[in-house]
């Protein structure tokens, strides 16, 4: 039951894609009210000029992005490049719910932070993936939350149950296709429409993408021991969506080879009570279109007996369940609202 | 204020694009509950197999599409090919709210019906474009409603104010770009992804598209006299959206040539109280992305003094404001709910 | 018969889209040899890094773009922003064949130049549209050639025959859909893939696009008197291609109303001997895919008797027949080669 | 040196995507002349109606597809569904060069044929991938040639050098993104533009795609022992192109761990003299756009020391090097022409 209480929300980085998605979802949330939009580079401009789709908020004026300007809200969402969130967050009141959509507070290991991002580690916050064992409890009532990266969300949800159940060896291979919005809104030649339409390309090959340590952290926790991840991201000609194809070698199995039915059972159990994770019926494979704009994850698995591998495919919208929707899902938990409040379950298709 | 009353809705043609959009929007409507999905060709199948994005409704079974099967709902939405709606509608109880997303009840003139569609004219119903003068009153409390065509929605809203204010001559030229979902879900070779991606084509050129008489009907009513429409639809590589570029020769003007400011004033007045129609600030031009999945219309106008024409550009989502959203907007009016109930105002962008 | 003589070609602006297209086509030309690539901003870099598709030229080093560096070639192609070509061209030897893909030498009227581009008019060169009466003769043996703009190419070829034959009134309405490569390779936020995919937008509405005076110039020459053009360009989600939908009011006709057959006859006659212009059979409408990467124009016409207008649709590839292909077609004429030498006639579809 | 000799070519399945591509490339081939187009389902129709981009061949009439109709050509290209080629080929004269773009003659192992395709095995022909050791010799002067599948072409060229050099373990994981033209031209709902645009999906997951045994055959020959392949194809929103991301666990290495430089050396050596295979400079990753419409393969490799894997990415155009271009490359070899005759090396980008 919804009590009707409302909280004010300030979003910084509101002129980018992640921040814009948070604003879009706030327009449909009954208890959270977008009270201010912030972004240093375009402070003073109409939001409608920068985010034409946010028609109900078009007349809001973009304000500066600093701790003083952000101090008065019940909830602050930080949608900033890594390295910028931590500095602002440190100055916000302890009772403010601060949700960081960036990378600053995701990694627990300072050494990993140093290797992948450089500079000083800001420490880790409760990790906003309630579908993992134990995390929902940490997020309930929390006042500092780190939203997972978009790729790690898809890969973690795809592989954690198999690793936790000991179905596969701890060497995971991931090839993920991502829409271009994952690369952000700053104008670079290789992200021009003329370059990306009709084109697929790989990037960050060979284990150099910064989301890799986050996947390793999550999957190692699920497995209870160290897991390696070979991660290759690819850029595909669409704005939104991630399709992660993940696989690992099957363990021998206690009662003979693991088949698809046995593997399905582990996933069905892991996600039985999850409102946002859908293990599709056998024979139906995930599409990014079916989750576009929705906070849902579509999953499917198959055992390949010839190659001896479990293959899991997960589809998420990188901006919704991959960022902005996850932020509001966590806000719901932190504020004591039903977890699904205000979050779309239906993708915008076709 | 929302009383919390709910009505049951049956949607037939639920496995197509228009029907699917009605279902998608019902998932977010607080007073309308999707109680049954119907479609003759796939009766007996899981809805999730045919509409993978409708995850909350995935386990519903498709039922037959006939009057008997549709008789028990408070609201019936018909999303059927033209010629099929009228036969079913005739057998539904008078107190059922019947909303026809097809063409059967849009045209008032039996001769026009005969020329463009052939066969007997089923008569006309209140026309579901509340933004036109007088129509909101007709729709309030109505039990039979004809949802406008997607192209006519964009073109009518684009040109009616100029014609009503006598700014332009009654000869309108329209070139509209449409996403492929407007052509429906039946598999034809020229609609394959391989054919439409990276490709723009014209079709129905020379005044032969069936939406033409509907535009003429609407614009002639707005002008108070007969209007001609030269309409060329084009197919562009996207799933959703219509961008209609409309123009007409400027009238001489009483106090000298009509300029952009004078024309803007007429539009600002016409749509001052409309929640779904947005005349953009000067200098900003409509994009279909800004209204994707939303029930909004984005409009902009310009006077070209050299060519002596008024140019108006309108963007709508053909499936939302162009069909399914319009259906629910009309349902809200018919049932006495606030007109905007449950309808998204924010597009899914980028 | 091909004598086998070869000429060296230097291309400046070779790292952009127009220059890249010239290089691509040179790879298939038997008599023209790409001998140097130039561009100020990236001088010193490998071409392969900047134009990954030009694999046979990948190891060429980009050289500076100035008259001294360009002086030694038989043929120089200038693919530069307007205002830059004229300065360089003025310093090149008179016997060098100089082909300007930019706007500097297209307009004959200095007043028009001043109004639309500002600054001093560099004068006009033979205009590279051999399909217009009299131009092929001017281009044969020429040493200075102005390549038409991409939009004017499509619109001029679409409407010139009707105006020349007196079929229509001299008031032309054009709405053209263009792929994003027409906007060039410099990175601007509204041209990002995330923004343009799934999106159609209008720009330069109300007669402010700089290609307008070039259309007026060409069509007025065809008509033998002043023609007005209402031109609205739109941006569609594809890299290449223009589909121009053009229309004008039909003249009364000497022997009664002009019908489609009569109009077709005028076009068939105008383009009977043109190797690159294809009037499609009745019932088939142009698509940009059918001319992708080819130097061809696909045309179709229809008379709309209700609206009293002739509608003509033309498809070109903005980079091929719209720029780089036209440049080589003109080079062939200037050098005495068969006009079609080395130019693809088949589009890359699907 | 080109002697100027010409051969006549008949293409059957000319109305499909593979057959259309063969025709497109024949338009630019100096020694091969398209003399007849065949296809049972549309015999009697104008080719231009079915393949609008083949403008120079538009007036050819489609003829029936049977051995009698195909008997008179020097070269016959079969672009037919599997199972249809073998029956026709068996009736063609031994001296006719028959090139099968379908699957009927690719697999050497009758058991594999039976398992994956069913029915009787037609036997295997010289396999049209001249870049593999020994095959160029088999193809020179051959009169029966089996063109490889599009996925196997990309995966084989990506992984064969590493397996041959013993750099990796014989367990290959492949995730490949393919444009929709790979699925052919028959109209199926899930291939509609509305479904595929803005969407990525997986299919044939778990080792069930019919190209798997062909990859296993090729890679096992390269390795000299049995190789397993875990293959997941995905469908991405573009018409043409395959990007195959392939990886395998690194062998320990004789002189310590294998690094990227050592792996690059193996590939550089394997493809040193290949005109169509391009190992890109370090730091540049393949894109499908750079090979669109060209007969080239772009390759890049990286060693991931953390995950202990070699990752290889290959881009090909599924219709060109993946089918129609490979057919003509093989025809060149079979007829004694220079291998690159008439084949584009430059992709159509952007």
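Order of writing sets the labels: A, B, C and D. Residues in every chain begin at 1.
Quick note on the criterion: contacts are C-beta pairs under 8 Å (C-beta built on N, C-alpha and C of every residue); 3 or more make two chains touch, one makes a residue touch a chain.
Owing to the predicted nature of the structure, the values given are computational and were not obtained by experimental measurement.
Visitor: So which one's got more C-beta contacts, A-C or B-C?
Guide: B-C
Visitor: If you average the Cα atoms of subunit B and of subunit C to get two centres, how far apart are those centres in Å?
Guide: 37
Visitor: For subunit A and subunit C, what's the span in angstrom between their mean Cα positions?
Guide: Each chain reduced to its C-alpha mean, subunit A and subunit C end up 45 Å apart.
Visitor: Scan subunit A for residues touching two or more other chains and write them down.
Guide: Within subunit A, residues 17, 181, 185, 192, 194-195, 197-198, 237-240, 287, 289, 292, 349-350 contact more than one other chain.
Visitor: Please categorise the chain-chain contact pattern as a line, ring, star, complete graph or other.
Guide: complete
Visitor: Please give the residue numbers of subunit A that touch subunit D in the complex, ascending.
Guide: Touching subunit D: residues 171, 173, 175, 177, 192, 194-195, 197-203, 205-207, 212, 228-232, 234, 236-241, 243, 245, 247, 249, 260, 285-289, 292, 300, 302-309, 311, 313, 315, 349-350 of subunit A.
Visitor: Which subunit A residues qualify as touching subunit C in the complex?
Guide: Residue positions touching the partner: 17, 179-181, 183, 185-189, 191-198, 237-239.
Visitor: In their shared complex, at which residues does subunit A touch subunit B?
Guide: On the subunit A side, the touching residues are 17, 20, 23-24, 27-28, 46, 48-49, 51-56, 58, 181, 185, 197-198, 239-240, 278, 280-281, 284, 287, 289-294, 296, 298, 344-350.
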